[in-house]
Structure formats: structure tokens, C-alpha cells
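What follows is a pair of complexes built around chain A, which joins chain B in one and chain C in the other.
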Partner chain A sequence: MKIQKTAVAGTMESSDIMVTIAPNEGNGMEIDLDSTVEKQYGKIIRRTIEETLKELKVHDARVHAVDKGALDCAIQARVKTAAYRASGEQSYQWGGEAK
Partner chain B sequence: MKRLRRTMLFVPGNNPGMIKDAGIYEQDSIMFDLEDSVSVAEKDAARFLVYQTLSTIDYNGKELVVRINDPTTKCGIDDLESIVRTQKAIIRLPKTESAQDVLICEYEIERIERENGIKVGSTGMMAAIESAAGVLNAKEIAFSSKRLVGIALGAEDYVTDLKTKRSPEGVELLFGRSMILLAARAAGIDAIDTVYSDVNNEEGFRKEVELIHQLGFDGKSIINPRQIKTVHEIYTPSRKDIEKALDIMDAIEEAHRKGSGVIALNGKMIDKPVVARAQRTLDLARAVGVLK
Partner chain C sequence: MYVEYGSPLNGRRLLETVAFLNRSGLDCEMGIEFSVNLLEDGKIVASGSMQDNVLKCIAVSKDCQGEGLAAKIVSELKLEAALQGKTHLFLYTKPENRSLFDALGFYKVAQTEHILLMEDLKNGVAQFVSKIPKAKAQPVGAIVMNCNPFTNGHLDLIANAAAECGFLYIFVVSEEKSFFSAQDRLRLVKEGTAHLPNVAVQPTGEYLISSATFPVYFIKEKDRAAEFNSALDLTVFAECFAGPLGITRRYVGCEPFCPVTRRYNRQMQRLLPEHGITVIERPRFSIGGEAVSASRVRRLFAEGRFEELRPLVPEVTYWYLMEVSAK
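Right after this comes the complex of A and B.
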């Protein structure tokens, strides 16, 4: 999946995470995280973001995430939503890897 | 005993906080909403959130239901494509007006099941009836698919369609409720009542629950966890009802032992419907844990 433009998903409400994904052509993955639980879970959140993008076969992206204590499933959902929006892709891949 | 559906808590599908908390209450079912509580611009976000939630969170045996968007639109199809694959939730079809609506949705569900190696027929359905046409077609809707576990009334759209509004007594809903209940009973499926939106009016809520309980509904859709306790209280058989039911079952057993055809208890004849009601009271009492 290719990130074509900047897109956002999620909110700043408690238990949510706001994820902004932007193109980063040829420069790999850059993740910038601002979390209320950075000290305790920062590493895990970054890993979840990275793995979710890998599952979507996104290789180059700049990600800015503001976390308000989101569960893993919410992080995965927001990353996927932002990535699909940023790619312009409308044909979703459920339960498997993106082509 | 079949699954209890006394309380079905509505949870907006794009609210991670409410989705997270939904597991801590005592409701029988959780209904994640992808339809009216989600704005058009956020449909994709809600779908991903509910999909990831169903795929990862264990709600400890509670029944999970997802209200999808109109299955004749891309949005509704995308909802089905994601939710059916999880095999974790019943599909709730909104604004059902005819058997055809159910069959269209079922066709798509079956297609997704086949394409993904899921056992055909394993995805359950529920239909919400929210219009005059839907109420008039309640019977054909209730009989339309073996997947249906229940039909539900959606009163806000229904009263708008009737050109009236909801009253505290609910007189405007009596016909619709009765039609849905009769259709559900004839088809052998559950009847679920509509939401009561004024969460601060506890007295009004209690009266409405007492009414729908008396009408025969299996339960009620709720929008706030505070409403759970009242519904469960009203749906729990009283000690007196349980004792009476136990006496009836004892009398039946005694009569069978003696080979007696006519059975009486305290001077009143006990016939088949009385026994069926007593059995239902005891089943419910056991299911809610007030009888061992």
C-alpha cells in the first residue's frame, strides 16, 4: 500500500489515539509518538503501529500519533483507517494481508 | 434454556472508550453500532474499530451484535465483509421493511461465508423494524430466514413514520409492539423492545419495562448501563412466582405417579399452558441464578 497524501484517524478523547500518516517516499518508517502512557507502554505502542503498517505492506510513511490510553485494538484500527485514507484505497482487505 | 436477551446495550461503533467499558457491565448483549450513531465521514473508522475489537477482545460470553448500514450500499457491504469474517457477532439489519430486505442481507452474508470457508448459516441475524411498512410485514420478516434470532422495534423512526411522537404511556407504540411480539412468537424467535432515551427518567423507564415485560417481550435495547439493573430486576421471577411454579411442577409429578389424568392444585385445574408458564418461570429463574 502506498501512502499518497496526509490523512488522520481517531480523536483526542480518552481511550483513543489520533494517528496522522503522511508520505515519506524512500525514507522508510518514521514514528513520532506522544502518549499519556509513554513511559510504561511507549515501546509497545510504537511496535503495534509499525506491525499494523507492515501488515498493510506500507514501507514508507511518517506517522504522528497522540495516544490517550488506547487499547491495542483501537491503535490497530486507527492506524489502518489512517493508512487506507492516506492511500486512497477503497478496497479493504479483511482478515489477511494487503496486496 | 435459550440465551437471555433481557438487555442489549447500544455502543457507538466509533467510541473506543465506550467499547472498552462495554465488557464490565452485566448486560446480556452488546450491540456495536455502525449505523445511525456514526457520521458518514467516520464509517470506515468505526468499521475498523469494531472489526479489531471483535477480533481481539473477549467479552466473556456476552452476545455480541453489530448493527450494520443498509446492505444495498457499499458501506453496508463493507460492514458485512468485515464483521461476518470475525464470526463473533450477530448481524443486526436496520430499517427492515420486508422479507426481501432480510433475504438481500442474507444473500451477501452467505456469499461472504462461502468465499471465506465459513460454515454457511453460522452467522446469525436480527432485524430491526422501524416503519409502518415494516410493522405491517412483521410476520413475513420474522419467518423470512432461519438465521434470525429475533426482531426488534426501533421506535424513533417508527413514530416519525406514523407522524406522531413518543408519549410517556407509549400508546402510539402499542400496535407496533403487539405486531412484532406476535410475529416473533409465531416464528419462535425473540422480540426485543426499543430504547428509552430519557436516561434520567427512572420512573418512566421502569414503567415502560414493566409494560413490555407484561406484553411478553424477551428484553429491551438500552442506551445507558444505568438501565441494566432495572430491566434485570423486572425480568427476574419473584420468590412467590417461583414457589408457585415449583408447586405446579410437583403437582404434575405427583399426578403422573398416581396415573391421574386430571391435575389440580389448591382447587384449580392445571392444564398445559399453566405448566408451560411454570416451566418458563423456572427456566428463567435458573438462568438468572435465583434458583439452583
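Right after this comes the complex of A and C.
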């Protein structure tokens, strides 16, 4: 899946995460994370974002995530939604791997 | 809680929003394009707005603070910005609110006594400036100009400044609010100054004389000229550009016509020396007793008087204007 434009999903309300994904042609994955639980879970959140994008076969992306203590499943859902919006892809594969 | 949107707000809803902002110690600014309000029992409890790519006028009523309403407002604004294809956002707030917006993914650009400018890119301005080539000789001067279009007045100011400086930066305004496109304005200055070896022509990006640092510049209403404050723009120049690039002089042309620019020059004289930058104001280059200005060139261009404008502009601009008029 290719990131074509900037897109956003989620909110910055408590227990949610706001994910902004932008194109990063040829520069791999760059993740900026601001989290209220950075100290405790920063690494895991970054890994979740990265793995979710890999699952969608996204290789180049600039991600800015503002986390307010979202659970793993919420992080995955927000990242997937933002990636689908940013790619313009509409054949959603919510469960498994992307084509 | 009920959410209402306005693109922009109008009528009674606008009046209620203005009153709410005034109670929170904020002015409702001109030119706002999108607003979002949160209401409880029909009363506004939080509000936020967007103008171009700047989030501003964000307020939460005193009794509702600490409930995460600012986060909801900023989320709504970011979502709308993304839908409009805006990729880089700025935010205005009072300096005392910094920690609130730090927690919402905004980073400080610069601040004055009254206003804090933030952006949603980590190290955005520092990275932008780090890509500008370093000066090769001292002293280092700078000119920020719009060049709409590039005239012999601009060239005269540049050539004289370049003769006095070891190295000279020309920052050409990138904001797309002028008659000629940013790309064309930048190209004309580059080509028109190519013979000056110690001059580097750079775009201002979104950081100097932009809708983020200096929104009033693009409104230019004479009666508002007395009200605006360019301290923010000058602070960004001094701290984010002049500091890292070693700039110690800023050159400007005297402004005989535009009250906004004239006031900007006056504030420059007052503020930049505090940062160790000397402001050097030069008389306008004139031909036949009349100052050469871009606005005069635009007027002649609009009236099709090409032979009259020809002595006012470098060759490269003249041929560009002929090309544009042929289209």
C-alpha cells in the first residue's frame, strides 16, 4: 500500500490516539510519538504502529502519533484507518494482510 | 455535549462565539475560515478556529477546564485540516498555555511577550533552517522580500548590500498570496542575481512573512495597519534564522507607499538590535524622481504599458512578464 497524501484518524481524547500519516517517498518509516505513557509503553506503541503498517505493506511513511493512553487494539485500528485514508485504498482488509 | 461547525460561523452563532472568546480574554480575529464549538445546554463551553494553516482562538470556559475539551477541539481542527489537504499546521496561543499544547503534539517555534507560535512538526523550523547553505564569509546580511515581481529596486538594494557583506541571504516569500507565483518570484530573483557570487537566494518556507508568522501582511488594509504586531515574525527571523545562520545585518528598503510595510520596518528597527542584528534602511531606488516599486510595475503590467515598465525591471523580469501576458 502506498501513502499518497496526508491523512488523520483518531482523536486526542483520553484513551485514544491521533495518528497522522504522510508520504515519505523512499525514506522508509519515520515515527514521531508523543505519549502520556511514553516512559512505560513508548517502545511498545512504536512497535505496534510499525508492525501494523508492515502488515499493510506500507514501507515509506511519516507518522505523527499523539497518544493519550490508547490500548493496542485502538492503536492498530487508528493506524489502519489513517493508512487506508492516506493511500486512498478502499478495498479494506480489516482482518488479515493487505494485497 | 453538542458540537457545531462553521465554515466560517455567521449570524448569531458568530456573535456568541465572539462574546465567548472575549470572556476568555481572546479577540476573534478577521479572516477565520473554520470554527468548531462545543456546547452544553445551548451554551458554548469551548471553541477553536482555523485560518489558512493556523489554529487559533482556542478557548475553554473556566468551569470546564481539565475535562479534555481542548483536546477535543484540536482533534476536530486537525481532522478538518487533513480533509482540506493541509499537511503542516501552526497554532497560536498565549505563552502560559504551552504545556497544554505540548501534550497535544505541538512544538514551540518562537514566542513573544503575548503570543506563542507552535507547529505540529518536531524540530520543523530547525530542520528547515539546517538545510540552508552556510555563509562562506563574514559579515552575513539578509533581506526578506516578496519580489512581486522582481524589480530594479530590489536588484539595487541587493547589489549594494552584497557589496558591503561577506555573504548575503535573500529570502523570497513563499506564501502564495501574491499576483505572481512563489516559484516564479523565486526563479526571477535567482536568475537576476546570478552575477553576484556572494548571494544565496532561498525561499522563506512557511516561517517568514507567512500566514503563520505574519497574517496581517496579506490583508493590507490601511486602517488596520496601526493595530498589527509583527513582533512574532521578527522573533522567528532573529531566533530561528539569524542565530543559526550567523546573520548580523538586515537590509530593508524605505517604504514610501505601504503603511503595513512601513510599520514593519519601524518595528524591525526597534526589535532586531536586541538580538544583535543591525537594521540598515536604504532609500528607494528611483528613476525619473519616482520610486521603483513592484506595485507600480504591476499597475503598468495590468494596463499593458510594457515599454514604460521595461526600465523599471531587470531583463529577466521583462521577458517573464511578456511571456505571462502572451498566455
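Keep this in mind: the second predicted complex is superposed on the first by the 98 of 99 C-alpha atoms of A that agree within 3 Å, B and C clash if a C-alpha of one lies under 4 Å from a C-alpha of the other, contacts with A are read in each partner's own complex, and residues count from 1 in each chain.
Following the convention adopted for this analysis, a contact is a pair of C-beta atoms (placed from the backbone, for glycine too) under 8 Å apart; a residue touches a chain by one contact, two chains touch by 3 or more.
None of the values given here were measured: they were computed from a predicted structure.
Contacts of A:H59 after superposition: neither chain B nor chain C is touched. By the touch criterion stated above, A:A77 is placed in contact with chain B alone, chain C being left untouched. When the two complexes are overlaid on their common chain A, residue A:Y92 makes contact with chain B while staying clear of chain C. Of the two partner chains placed by the overlay, chain B and chain C both lie in contact with A:S14. In the superposed model, A:K2 lies in contact with neither chain B nor chain C. Residues 10, 13-14 of chain A contact both chain B in one complex and chain C in the other. Across the interface of their complex, chain B is touched by residues 9-10, 13-16, 70-74, 76-78, 80-81, 84-85, 92, 94-95 of chain A.
Of all residues in chain C, those touching chain A in their complex are 68, 71-72, 74-75, 78-79, 81-82, 85-87, 103-105, 120-122. The residues of chain B lying in touch with chain A in their complex are 15-17, 19-20, 44-45, 48-49, 51-53, 55-57, 78, 81-82, 85-86, 116. Considering their complex, residues 5-8, 10-14, 18, 20, 22, 32, 34, 36, 64, 66, 68 of chain A touch chain C.
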